[in-house]
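Shared between the two complexes below is chain A, which pairs with chain B and chain C, respectively.
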Partner chain A sequence: MDDVQAMHIANGIINGPVSAIFMVIAVAGLAVCVWRAKIDLDDRLAPMAGLVAAFIFAVQMLNFGVLPGVSGHLLGGTLAVILVGPWVGALCVATVLIVQCLIFSDGGLTALGLNITNMALIGAAAAYVLVALLLRVLPRTTAGLGATALIASVIGVVLASMGFVAEYALGGTTELSLGGIAATLAGVHTLIGIGEGLIAATTVVTVAKVRPDLVYALRAFRKPTYAKAGSAA
Partner chain B sequence: MNSLHLSGTSPVHRLSPEAKVVAVLLFTVVVVLTPREEFAAFAGYAVLLAVVAAVARVPAGWLLKRTTIELPFVLLAVLLPFFGHGARVDWLGLSLSVEGLYGAWNIFAKGTLGVLASLLLAATTTARDLIHGLDRLRCPTVITQIMTFMLRYVDVLIDDARRMRIARLSRGYDPRFLWQVKAFAVGVGALFLRSYERGERVYLAMLSRGYAGRLPSPAAGPAAAREWAFSSALPVAAAGIAVAAAVLA
Partner chain C sequence: MKKFLIGGLLVALLLAGVVSSFASGSPDGLDHAAREGCTFNADDEITGGTCMAQQEQDHQLAGSPLADYALRGIDNEYLATGLSGVIGVLVTFAIGGGLFWVLRRRPRADG
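Take a look at the complex of A and B:
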């Protein structure tokens, strides 16, 4: 795909010191995720994490036009959180970003901290909080899970894009008005979020119908005996 | 998967991946930290990258075609001179903001140099070698593990998607333009499950053959001091140019 429209922050958009601060934040955040993920990562979650990362990677390559001249791709945070949990989920998204930066030159190397903070940490954290809340409120059916995925995607994606606005306010190298950027990004990312939400919802609903044992977000509602039966199968 | 790797046997290809990753990272840091007014320094960086490309035998056309990935940011840069504040200059009858011009140059120069450096890294290093490099740089196993599976499963996913599409076509499905989206949306969950079950079998096969979270290292050991010295030439030269530019200015 030669006409890829990168949506990752490139080098030089945000100044050096702010990039460095967010690199530290990203490394610290990922360190926490690595520590917690080791508890979660069992024989079932390890291949699932790899597949979720591959899936996010593949759908990130599908750029869809949101507005004339503007295309966006999916962030995948909500999908990852529902399927593999917040810690492994954030690591999946971060892994996709690292691979895209190193192997596909999408997103600047010094901006990697910014991109990971926005898409992996903010995206996954927002999705996790929303999913945890919505699953309590909405009916515990596959439709409820689908609605959760849709709503959490839209809000999570917009919040992640606001991460860029905050970084730009702190260390933008150019003089564009903040309000304009925030409004444009929020608008574009609402549309991206709806596209993302639809894909996340259809995927999660299918998986929940056929293999509910694979959906991390449903573990809290599972009876303990079920887990034993699942691992024996 | 259209990875950016260009196979070859140049000295740059043969360098240890960890040495290359560190060199590119340091080079990018130097570029980003350079003040935007130091035009000569940026020209120097471009020459350095041209030398690396020549040594690695990466064609210039190949590189230039792939720098289009930064186009959205260049578009942002093009807007800046028109909407920037402060002093203005007239050029071809257009009133341009001086601050905006500097801002545009800053994004364009640093973005392009960064993309070129990463492209050179990607062109000379296979994905598998990169993972080994990250592993040797003490990247947590959880991350390299996810990365290994991810790169392995991307092909599984793409192949499964292709099989499902052929299956639809052979049953008389006739997708045109936007209506393909519907089949994609309906099929995406099924694609995920099919790929997961295929991936799970691969994983269990790996486990039963002694996989313990890390792929066996290739024959070559960790980077030798000589390789670190060779790959450090790029960031050291860049830092030299930056210091020279700062002193001369």
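Take a look at the complex of A and C:
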């Protein structure tokens, strides 16, 4: 309770050159997102995206226990992709990471590119593919939407943690077994992903019931039929 | 839309301002993995072993008045965490919302 923790890479864990390379990757990735987001953003999506970023900031403060002495919090990639789409969604998560780094000294400044690559870019990319696929194969119901959020969250969070493993393989500052690190992270992040998935599912199902028209994924990946199920609720 | 936005922001403010004080203070997944292999004393300083956290350095902006989700000058933990959460939600909404508003498609002013 005394210390709000966050799951971001601190300075010094990954060496300078590799951190710099990932800063370049992050900036390039975000530039592509800005370019594509401009097509999606309109008078309705823009304020919604601001709200999604603020909501992710809030929920990232809520660490939940996953094992004795270990916690985790939502990263937000899947939630953002479902509500505002992949390009705007990645920008929402990046906005949160930049605010956290610059104002709350959470996540190293040198490590900002690494954190953006893992949580905003990998997180949103994984969620995009999974959400687009799952919404097409799962039942066109609120339960189907919830299940999509849950499954995409678990896989997205584990993949984001594997982004760290790749960065550590390239520029880790201590000699440790990569297999051991990967196994520990994958295990813990599966549990964190389940927690994230429950929060994301609750959130998107709630929005889908109140304002189905504000859920990007339902507009983009699941054309007409859903609207009826949503507005009836 | 306005009602939805205000409702959503209120939920976010409640989560960051109140619920945040009851969040788990244990090391998170990445931190846990970073500490694995090292031993720590009561002050959380590394006393031995090999782990990723060994080379960890302080944040360049650790002196920020809001560093670590607290508020300089406020000793009450609940109040400090809650206020920093409220500030964070509002700042994120302002920056994110402002950025997205600027980037949005606009109907051409003169067709």
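One rule holds for everything that comes next: the second predicted complex is superposed on the first by the 218 of 233 C-alpha atoms of A that agree within 3 Å, B and C clash if a C-alpha of one lies under 4 Å from a C-alpha of the other, contacts with A are read in each partner's own complex, and residues count from 1 in each chain.
Please note the rule applied: a residue touches a chain if its C-beta (ideal position, glycine included) is under 8 Å from a C-beta of that chain, and two chains touch if they have at least 3 such contacts.
Keep in mind it's a predicted model, so treat the numbers as computed, not measured.
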| item | value |
| --- | --- |
| Room on chain A for both chain B and chain C (clash or fit) | clash |
| Partner chain(s) touched by A:I39 [first = chain B, second = chain C, both, neither] | second |
| First (chain B), second (chain C), both or neither touched by A:I155 | neither |
| Touched partner set for A:L91, first chain B, second chain C, both or neither | both |
| First, second, both or neither for A:S19, with chain B first and chain C second | first |
| Partner chain(s) touched by A:F55 [first = chain B, second = chain C, both, neither] | both |
| First (chain B), second (chain C), both or neither touched by A:L198 | first |
| Chain B versus chain C as contact partner of A:A125, first or second or both or neither | neither |
| First (chain B), second (chain C), both or neither touched by A:V210 | both |
| First (chain B), second (chain C), both or neither touched by A:H189 | second |
| On chain A, the residue positions that both chain B and chain C contact, one per complex | 1-7, 10-13, 34, 37-38, 41, 43-44, 46-51, 53-55, 57-58, 88, 91-92, 95-96, 99, 101-106, 108-110, 173-176, 210-211, 214 |
| Of all residues in chain C, those that touch chain A in their complex | 1, 4-5, 8-9, 11-13, 15-16, 19-34, 36-37, 50-62, 64, 66-69, 77, 81, 84-85, 87-101, 103-105 |
| Chain A residues within the chain B interface of the complex | 1-7, 10-13, 15-16, 19, 30-31, 34, 37-38, 41, 43-44, 46-51, 53-55, 57-58, 88, 91-92, 94-96, 98-99, 101-106, 108-110, 173-176, 198-199, 202-207, 210-211, 214 |
| In the complex with chain C, residue positions of chain A that touch it | 1-13, 34, 37-39, 41-59, 61-66, 69-73, 88, 91-92, 95-96, 99-106, 108-110, 161, 164, 168, 172-176, 181, 184-185, 188-189, 191-192, 210-211, 214 |
| Chain A partner contacts - residues on chain B that touch it in the complex | 2-5, 21, 24-25, 28-29, 31-33, 36, 65-66, 68-73, 76, 79-80, 83-86, 99-100, 103-104, 106-107, 109-111, 113-115, 117-119, 121-122, 127, 130, 140, 142-143, 145-154, 156-158, 161, 185-186, 188-190, 192-193, 195-196, 199-200, 202-203, 207 |
